[in-house]
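Chain naming follows the written order as A, B, C and D, and within any one chain the residues start at number 1.
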Amino acid sequence: MIRVGIVGGTGYTGVELLRLLALHSEVEVAVVTSRADAGKKVEEVYPSLRGYIDVKFTEPDIETLVDCDIVFFATPNGTAMQMAEHLLARGIKVIDLSADFRLKDAKQWSQWYGIEHTCPGLIAEAVYGLPEVNREAIKQAKLIACPGCYPTAVQLGFLPLIENNLINSQCLIADVKSGVSGAGRKAELATLMSETGESFKAYGVNGHRHLPEITQGLSNVAGKLVGLTFVPHLTPMIRGIHATLYGQLISTGGKISLEEIQVLYEQRYQHEIFVDILPQGSISDTRNVRGSNICQIAIYQPQGQQTIVVLSVIDNLVKGAAGQAIQNMNLMCGLKEDLGLKVIALYP
Amino acid sequence: MIRVGIVGGTGYTGVELLRLLALHSEVEVAVVTSRADAGKKVEEVYPSLRGYIDVKFTEPDIETLVDCDIVFFATPNGTAMQMAEHLLARGIKVIDLSADFRLKDAKQWSQWYGIEHTCPGLIAEAVYGLPEVNREAIKQAKLIACPGCYPTAVQLGFLPLIENNLINSQCLIADVKSGVSGAGRKAELATLMSETGESFKAYGVNGHRHLPEITQGLSNVAGKLVGLTFVPHLTPMIRGIHATLYGQLISTGGKISLEEIQVLYEQRYQHEIFVDILPQGSISDTRNVRGSNICQIAIYQPQGQQTIVVLSVIDNLVKGAAGQAIQNMNLMCGLKEDLGLKVIALYP
Amino acid sequence: MIRVGIVGGTGYTGVELLRLLALHSEVEVAVVTSRADAGKKVEEVYPSLRGYIDVKFTEPDIETLVDCDIVFFATPNGTAMQMAEHLLARGIKVIDLSADFRLKDAKQWSQWYGIEHTCPGLIAEAVYGLPEVNREAIKQAKLIACPGCYPTAVQLGFLPLIENNLINSQCLIADVKSGVSGAGRKAELATLMSETGESFKAYGVNGHRHLPEITQGLSNVAGKLVGLTFVPHLTPMIRGIHATLYGQLISTGGKISLEEIQVLYEQRYQHEIFVDILPQGSISDTRNVRGSNICQIAIYQPQGQQTIVVLSVIDNLVKGAAGQAIQNMNLMCGLKEDLGLKVIALYP
Amino acid sequence: MIRVGIVGGTGYTGVELLRLLALHSEVEVAVVTSRADAGKKVEEVYPSLRGYIDVKFTEPDIETLVDCDIVFFATPNGTAMQMAEHLLARGIKVIDLSADFRLKDAKQWSQWYGIEHTCPGLIAEAVYGLPEVNREAIKQAKLIACPGCYPTAVQLGFLPLIENNLINSQCLIADVKSGVSGAGRKAELATLMSETGESFKAYGVNGHRHLPEITQGLSNVAGKLVGLTFVPHLTPMIRGIHATLYGQLISTGGKISLEEIQVLYEQRYQHEIFVDILPQGSISDTRNVRGSNICQIAIYQPQGQQTIVVLSVIDNLVKGAAGQAIQNMNLMCGLKEDLGLKVIALYP
């Protein structure tokens, strides 16, 4: 059994890790930390876990984590970068669900996150945990930077078009809609039900922290810096991300048909168990992946014009966070990639 | 492997059976019928099942079902009573999720359901599938009448009080709130999101079909006809039932304390894996059982007065329908009672 | 024009006062205070008011309020009792939407609200602002204690039964469901959309602050202390309260028919413009009063038994707060009672 | 008083007309037709209108409408084109909220709407009822084709950019999100709360009926055929449209700053009471216009790049339907343009 620790067990990504790991056949959840709830039983805070997790929250410190084989950080940004080095030094693998090691440029990181990066030395070593791009590196990794939720949906949706140089990489548009759980489990006015229920809005239009992450990922694939307009929105539901992606076929693009693009997507992801290319004409509805680790993708070319529209949906807490983290863990531990992740979406 | 057939696979209880059975280790879903969608692949109608269920909907007829070991009816009322006899005659066990065999009095059934009962001969043989009351009979049964969603939440909540004759069985009050999936997957004005979203209402105050079913169940336990006021409500969410139950302690009741009642509930359900008595003072929130087969119960005695308040919550589609049906199947087939039902609630 | 001041303009009752007063033909909103937002324009915080309210938030102090004719307190409990005396001394009328002056017993108030009452001397003078009970006193009042949202719905629903001594006043049951805006505009975990959306729960079962207020009001009418079990619930919507009330007809009750009770309700409220008795058999749906000052009531006698069920619905922010406050203001100022309150519910 | 008739009073646009017209000081609602509910009182079907509308639904026929001065069609497509001619012949003005007269090309209309246009002769006479573009023509009009909801939000958002030739009109992108009331009050599976709640999806990606309407409107302004990619989405709320519009500044565009574009929008709409340009950096949230006739617009230029992002929000049932229709009526009748439309959005 793999002994797992979770630092920051009281956020939504933390409790989602618990939901999935509690039924993972090769994992024992040994430590769950929470400064606020230390001393309480996990099931006391999360009655949905009664009977499944018999652990108490403890204070987050290195010593209580040293008996773990793997430690997940489901913490606010800025925490993992202070503890990762100590854990790695003890031979413990680290999977960070926060943003601390996602950007390769520490200076850029500081600009977007507003704090100094205290552990820039580890950035190079960290593997960006998008298995559909970095599978082999992940298998060898000691430190994983799990992708953000928006970046997961947007990159998986754009990848085949960019890898094949089919669209103009200088004018990508990602219009993305997220459920409110993406904002985390924090007492904030803006995510009260009275504020977000029955309403829809854009936010962070001038620049959201996931912009440099997506740009970095797509630029790596394009082999040059891409130009992306990324507009996130908040939609009145709890879970789910729906990315509507727009790309302009490049001049030679007129020669490729939608059918060919569809085939190209299907081939690109044919061995990916968690990326599902829908048949042409399908609707990609976030409910169809709610609670599951799957990314569903549909491709359109409205009126046969130059604009390709890709719909890419995930559950922000699963493929966009906890599920993807466990997928990484499985790969790092030589387990079947979908162990503990065969969860069917909750419909309706 | 148990070969399972599902008649009426396109309603919410049907698709919920599919979600749970797809991952059940001892079951093969062999036949799924749907008059409307015959010929289509199941995953075409339910993209959430892509990769998990590889069956086409077929027309509902006896011959396509004869190779099954067990057939579930997830049909509107009035269908199971026309097919059950033929299946039983062929040695196939039947689990009916509709109301056809729930009431022991065929005449009463006809009054409430507005159609003639075409198969009264089977009513006596049908076992009411509430395992917490009828486990031994269920194990031997050939035909199961699965309880309704409201009756499950209300009976489990009232049982210990009535079995111990602690409350006046003549003035029971059940104020129950249901998510809209309880109304089924039917094109109806009343359950449009524009009609039910952001609004709360009572309905069926003068008499809901689940009233005689609850009364029958509680009267069996009380040993006499109970008097129940049952008011169902529609609450703007998809899944979940919250029953708020009010009972008046009988005169000798002053001698029993809330602590003693709490113990009594815990003892009554100590071997029941799907009934969870919460610690005193707990909140029973429907989200904590969303997607799971568990009934969570909390008991209160406000201001130490004569009125006992019991909060009983379930997911109407799981413990209130498909999950309970599978629990019955497990019992009938000699399997572990929770096989395929270890599903943790989806929070948030 | 009546010069109005609002203390605490950034809560939901404050902004609802602004929505309604902005279009009130006899009112000028002169002062709106907010410690947090002082200096900002109201429309900056509430873009829905752009073009309707041209005032800046100011610090709450007596001197800025002295030019007002009437001051509304839309503040947390404990604020009005510190300022009311000074305003009254200057001849300014006060309408308190908080709980400070609702209970006639200062000691009881302190027990329920957990702080000392600093202004007990004014309690006797304060008129409980339920026009349907206290209209004449309100017209003469200098200080109004506006009823809470739950107490408004529950009292209006029970009144005719109790005034006519038709039900046993010792075992009243009020099972009440509220939208989340009732919890106020405060950064709190419990009312995040991720916590309250798609879920239903009871809370405060052992004792909610509105219990003594309702008990006081109904006891006044009954002429003796009533016995009430009051269970509040949180329902996943923003606005609306649905009270389901249960009363036991007293022995002589058998002689009164539902039709007679219906007539009795209609007569009791025939001159009340904001209480609407629905025809027999109607559904009282909270959406039908969303945004309006109306209380809709429906009366049932399930199966002709002893239990009378009354459904009483209001918008918690209008008839349960801001609308009722303005109704009081109209009465105090000799205006038409519905001035500024002819607002039709927003459906759908 | 203007005598008004409403054909098709039981859809959401019909009941919204009733909500607004009931309080319009110059209007008497004389006739409301409904095939399904003929004979019933309006308030019976819509309890939110109790006390405000004292009319019975009647069968829709010309003779009952001839005493009206103006008739609104809030009907499914294909009805107005059968009755308009007869009403106009009798001197009655017609405001059609359906799509019958929106497209100037009858053949194109038939292609998108799937039925023959039975009254092509009136198309030329019909004025497209977007006051911000056609005010003077509307004042003289006898027949108004009210814009669709999506077209209203998209056109108002793009107009200043296109009128000033600032963006490339060949690659406009409109990513638009609508609440479910836009789908109408029809018994349909797809808009059940269980289907649309807690989920987000795109639909009609290959071509939505509002595409030719928007294209026609913007092309008129551009002076040439524009190229538009329009992707509508369904968001889990009842009311509201949020259009996120993307335009590429043309080469000379580098010379115009965001500040100048902001000024240009403010000047374009400075005399428009129902178009509100928000200050730079504002969020345009649909709740801020819920129930009101206002379109709020915010303009962004992310990272100072070539892409201009315009956020345009309306209430689909008000500025997107009934409110705009009344605005047209006011203009046609020489009344103040905002008469009956000073309604503040319902927040929260």
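As a convention for this text, a residue touches a chain if its C-beta (ideal position, glycine included) is under 8 Å from a C-beta of that chain, and two chains touch if they have at least 3 such contacts.
This is a predicted model, so every value here is computed, not measured.
Counted as hops between touching chains, the shortest connection from subunit B to subunit D is 1.
Farthest from subunit B, judged by the mean position of CA atoms in each chain, is D.
Here the spacing of subunit A and subunit C, counted between their Cα centres, is 45 Å. Centre-to-centre, using mean CA coordinates, subunit B is 38 Å away from subunit C. Here the CA centre of subunit A is 36 Å from the CA centre of subunit B. Those residues of subunit C in touch with two or more other chains are numbered 12, 181, 185, 194-195, 197-198, 236-239, 285, 287, 290, 348.
Here subunit B touches subunit A in the complex through residues 12, 15, 19, 22-23, 46-52, 181, 185, 197-198, 238-239, 273, 276, 278, 282, 285, 287-292, 294, 296, 342, 344-348, going by the rule given at the top. Listed in rising order, the residues of subunit B touching subunit D in the complex are 12, 180-181, 183, 185-189, 191-198, 236-238.
Contact residues of subunit D toward subunit A in the complex are 171, 173, 175, 177, 179, 194-195, 197-203, 205-207, 227, 229-231, 233, 235-240, 242, 244, 246, 248, 281, 283-287, 290, 300, 302-303, 305-307, 309, 311, 313, 348.
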